[in-house]
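A, B, C and D label the chains in the order they appear, each numbered from 1.
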Amino acid sequence: MSKLSGAYYEIDHMNMVATRDQWVNKIHPLVKLVVTVFYIAVVVSLSKYNLSGILLMGAYPIVMFMLGEVSFKDSIRRLRIILPLVCVVGIFNPFFDRQVVFNVGSISVTSGVISMVTLMIKGILTVLASYLLIATTTIEKICYALRQLHIPAVLVTQILLTYRYISVLLKEANTIMQAYLLRAPNQKGVQFKVWGPLVGQLLLRSIDRANAVYESMMLRGYRGEFHYSNMEHCSGKDYLFLVAWIVVLLAIKYLPVFMYFNS
Amino acid sequence: MHMADALVAPAVAGTMYAASAIAAGYSIKKVHLEADPKKVPVMGVMGAFVFAAQMINFTIPGTGSSGHLCGGMLLTALLGPYAAFLTMIGVLLIQCLMFADGGLLALGCNVWNMAFYGCFLGYFLVWRPMMKKTTSRGKIIAASIIGSVVTLQLGAFSVSIETLFSGITDLPFSVFAGTMQPIHLAIGLVEGLITAAVLVFVYEARPEMLYRANVAGKREKFSFKKTLGVLAVVMLLIGGGLSLFASSHPDGLEWSIERITGSTELDAAKKSVYNTAESVQETTALLPDYQFKGSESGLGTSFSGIIGSCVVLVVCAGVCYIISTTRKKKSA
Amino acid sequence: MSHIHIDMEHVNFSYEKNKKILDDITFTARERDCIGLIGANGVGKSTLLKLLVGLESGYEGSIRVEEIPVSSEMLPKIREKIGYVFQDSDSQLFMNNVYEDIAFAPRNYGLPEEEVVRCVEHAMQMTEIGHLREKSIYKLSGGEKKLVSIATILAMTPDIILMDEPTIALDPRNRRNLIHILNQFDHLKIIASHDLDMVMDTCSRVILMSDGKIVKDGDVMEILKDRELLEKNGLELPLGLQERKPQQ
Amino acid sequence: MSHIHIDMEHVNFSYEKNKKILDDITFTARERDCIGLIGANGVGKSTLLKLLVGLESGYEGSIRVEEIPVSSEMLPKIREKIGYVFQDSDSQLFMNNVYEDIAFAPRNYGLPEEEVVRCVEHAMQMTEIGHLREKSIYKLSGGEKKLVSIATILAMTPDIILMDEPTIALDPRNRRNLIHILNQFDHLKIIASHDLDMVMDTCSRVILMSDGKIVKDGDVMEILKDRELLEKNGLELPLGLQERKPQQ
């Protein structure tokens, strides 16, 4: 139950953050989507021993968090899913990979340690980048961007509807769970014999609702695609944002100036 | 179970994106929207349903722990493979954006691991053959459990393979897979049970909602407990064997890798995989420097380099701080 | 009189084979009619309204809306003319926030954006929900949802309004306001409700149902004042017509 | 008098940071009280009831039910004593059919099966839904659902009943029957409703809310007869007390 309401508040909160009146929020969604994916790809493509390079990639989140006035605190919570996963995968590297790279005082740092740290930082950076996207861009706008990339309307409309109905169904699931808990106060989760009816009930209601929604959309003139209101085209500012970041990211990856740090 | 961005190399991500995109394109062609325009909103709401149902904790009898629903098998039984697959894409995309579960780059992998197997294999290998002649409670339960376990095993195996191909961890493949498979066996069983419970409810309440199920001759009695018992034994046998195979006979896995890559040694197999990956990357837009353990250029890191990077970051943060404070002063 | 807008002839309908929900329903409704559809719980009022907009299919008999038979091919045409308020407003609202939801229909009918804005503003002003403009749908209280779903219909400027329990969850002021709105709208309206006082204040004609059949179809005051008839069919006199015995 | 069952002191609550929904709510309710909670749409009635059973948390101030503070650890204990009817009955029912749903709570409290049967039969008989016994939940009409959800509560034989808009969707006869049931139940009950006539017929005390605050807390007739007070807070006189101007 707490998970349900947690998810509910998370979605609500993200929606609120994403609709703030900030310059980053106003940058064209397509541009932000491209920059984000490009950034993640560059981060991931860095060698697993390139610790200094991966550190430099931290520049993107730093700039975006500070200039976009996105709350860093909120984003930390989102690391809770990924960090354990990445740790489990990375934690063994120091045991298998024991080549000493350099010494700091009396401690020798092995390549396994470096690759482990690199992997963890990669994990953090990629999550932060996705967070920056969603914290400054609503799902509607991302869907709009997807449409501009010629992703078929069926898929995009369906994603939009899924998103819209998540809050409704989370609330409904929450109410069912509450009703359940009110009459079974000493249970923690849903007991075995109620699995089917409880979820099934939610399912049937969802389907009825889906049909009603469809009818309701048809009743109001829906003919296959949503209208994306007041979406603008890319402006000079957007192109500048795009080009600037691509140049910087490529520079971190390839330029000799930064190679100095890598040697 | 969700792959994270940090665990996939761009080449692997790209490959899986391509594979998933093909499956999606094919599905869009096959859902026959013209015939049934209601499908889109139904898919949307069902996606949201899966999302909400995943947040419900199910207490597992006899243990203190709880399980969750995953959705692929459930959706495929209700919507058919194509619509279910498209629905799962939406769910996975939103999960990765809103909850950092998965990642944008790894989306292709996740769609493949969780949606493709669950929806397509779950339907064509399990649901359709089993429901072809008649549908009954027992068959639904069996199909749900077998479908969930099998597709989850495949998904988990894909995760191991993708991690291997990405060259992220030094953990031997056999160990990685050897832990993934048994864990997902348990998860699959629970998920199968939940899916079964829900589908049986639907079968009793509105049988016509099950996709392509033959519900004409419904009404036969049968014992839930008995079926469950038989199934449990079967699953334990299959699952136990599989896990044993995975964990105590790593050579077995090496053998299968060898068969796949046609190389005799796992390391060599790994290398050849990387080489292919590298050549794929060279032809794609992004040209990452892919370095493997032992290759000279790989250790492009020194203590001074790390310090230098930190200094740059601090300077960067400082500049941003100045910019944002002066901006605030101006607006104040 | 004016031309016939809705025409049902010998309509039978059932959800399950063995149980008839609607049983030989016949009636016509004309352009300026305002019809109250009343009857006990479960007599089939919602079902009847759903058939009119094609939300349920598989009926026997003939249903025509503006001379067009209600069948799956003709539904898009019929639905353009009808504004339908669901009993359950949760299923009716599907956009992100109140404004977007109300603007959905006008946008879909291809109105230019200024026209859309005008429609939406007008609908919001009539239902007095201007302050909810930016609010997410799922954060509305029960009554607020109802008001928004009424506004979405008003923004469509339909020829026919069908309402299923419109006063449910409304506070007395909003209820009064709805009555006012309904009285201003001078096309055909059919209102299914248990709020007999509201029916008395808005409708000129009442159809009384019992057990899937039309028991009586006639003038509003004639039926609503007939205590015996009402009580035989599981209803009561409107509260406004009851004599109060002081409590306690 | 009798001992205090519910005690709220200086309770503040908000869903979102900037907007208070409940603002310094203080009241106590005793064993045999029957309290009507009234106020315009969106003033926070449902929210107040939800806080009492712990459906929303994170309030400021103190809420005690039978001397137990409402906090997540104590919820199971508190919930055993309270029967709560949701505003939206759709999501309240979750079992296969009507009988199973009503039997759910008594079974959970570990009653022997004959006792369960007795409870369920009694609850069904009180709400007159015996004919729906075997019916699946999702096949019920709006009013039938409401009746079933009321029956599920009655089968729990709770010490306290909280009801959010119980008369919504009920036809006049079932509404009258509910009033009768409520009047028979002689423990504490709190009823949030816009149906002021029902409040007048069941409650001895009224709490009038406006904008998250308690504006007035007092005798039912005193408040419900005060036209000016009601109108200032978005309400109206109960229909039974209004003078009717004959229509048309």
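By our rule, contacts are C-beta pairs under 8 Å (C-beta built on N, C-alpha and C of every residue); 3 or more make two chains touch, one makes a residue touch a chain.
Chain identities (UniProt): A, B = Cobalt/nickel transport system permease protein; C, D = Cobalt/nickel transport system ATP-binding protein.
Note that the coordinates shown come from a computational prediction; the quantities given were computed from them, not determined experimentally.
Participant: Going by the contact definition above, tell me which chain pair has the most C-beta pairs touching.
Facilitator: A-B
Participant: Measure off the straight-line distance from the CA centroid of subunit B to the CA centroid of subunit C, and report it in whole Å.
Facilitator: Centre-to-centre distance between subunit B and subunit C: 46 Å.
Participant: Between subunit A and subunit D, what distance separates the C-alpha centroids? Give it in angstrom.
Facilitator: It comes to 41 Å between the two C-alpha centres.
Participant: When the C-alpha atoms of subunit B and subunit D are each averaged to a single point, how far apart are the two points in Å?
Facilitator: Centres of subunit B and subunit D (C-alpha means) sit 45 Å apart.
Participant: Take the average of all CA coordinates in subunit C, do the same for subunit D, and state the distance between these two points in whole angstrom.
Facilitator: 27
Participant: Can you list the subunit C residues in contact with two or more other chains?
Facilitator: Correct list: 88, 90, 139.
Participant: For subunit A, what residues touch not just one other chain but two or more?
Facilitator: 161, 164-165, 168, 172, 187, 197-198, 201-202, 204, 208-209, 213, 217
Participant: For subunit B, jot down the residues that touch at least 2 other chains.
Facilitator: In subunit B, residues 201, 205 touch at least two other chains, as defined above.
Participant: Output every touching chain pair, sorted by label.
Facilitator: The list of touching pairs comes to A-B, A-C, A-D, B-D, C-D.
Participant: Looking at the complex, which residues from subunit C come into contact with subunit A?
Facilitator: For subunit C paired with subunit A, touching residues are 53-55, 75-76, 79-80, 82-84, 86, 88, 90-92, 94-96, 100, 103-105, 107-109, 113, 136-139, 152, 156.
Participant: Using the touch definition up top, name the residues of subunit C that touch subunit D in the complex.
Facilitator: Against subunit D, subunit C makes touches at 15, 39-42, 46, 87-88, 90, 139-144, 147, 165, 168-176, 194, 196-197, 200-201, 204, 220-221, 230-231, 234-236, 238-242, 244, 247-248.
Participant: Over in the complex, which subunit A residues touch subunit C? Could you list them?
Facilitator: 12, 15, 140, 161, 164-165, 167-168, 171, 208-209, 212-213, 215-223, 227, 229
Participant: Please give the residue numbers of subunit B that touch subunit A in the complex, ascending.
Facilitator: Residues of subunit B touching subunit A: 2, 4-10, 13, 24, 28, 31, 33, 37-38, 40-49, 51-53, 55-61, 66, 69, 86-87, 89-91, 93-94, 96-101, 103-105, 163, 167-172, 193-194, 197-198, 200-202, 205-206, 209, 281, 286, 288-291, 293, 298-306, 308-310, 312-313, 316-317, 320-321, 323-324.
Participant: Which of the residues in subunit A end up touching subunit D in this complex?
Facilitator: 172, 175-176, 178-187, 194, 197-198, 201-202, 204-205, 208
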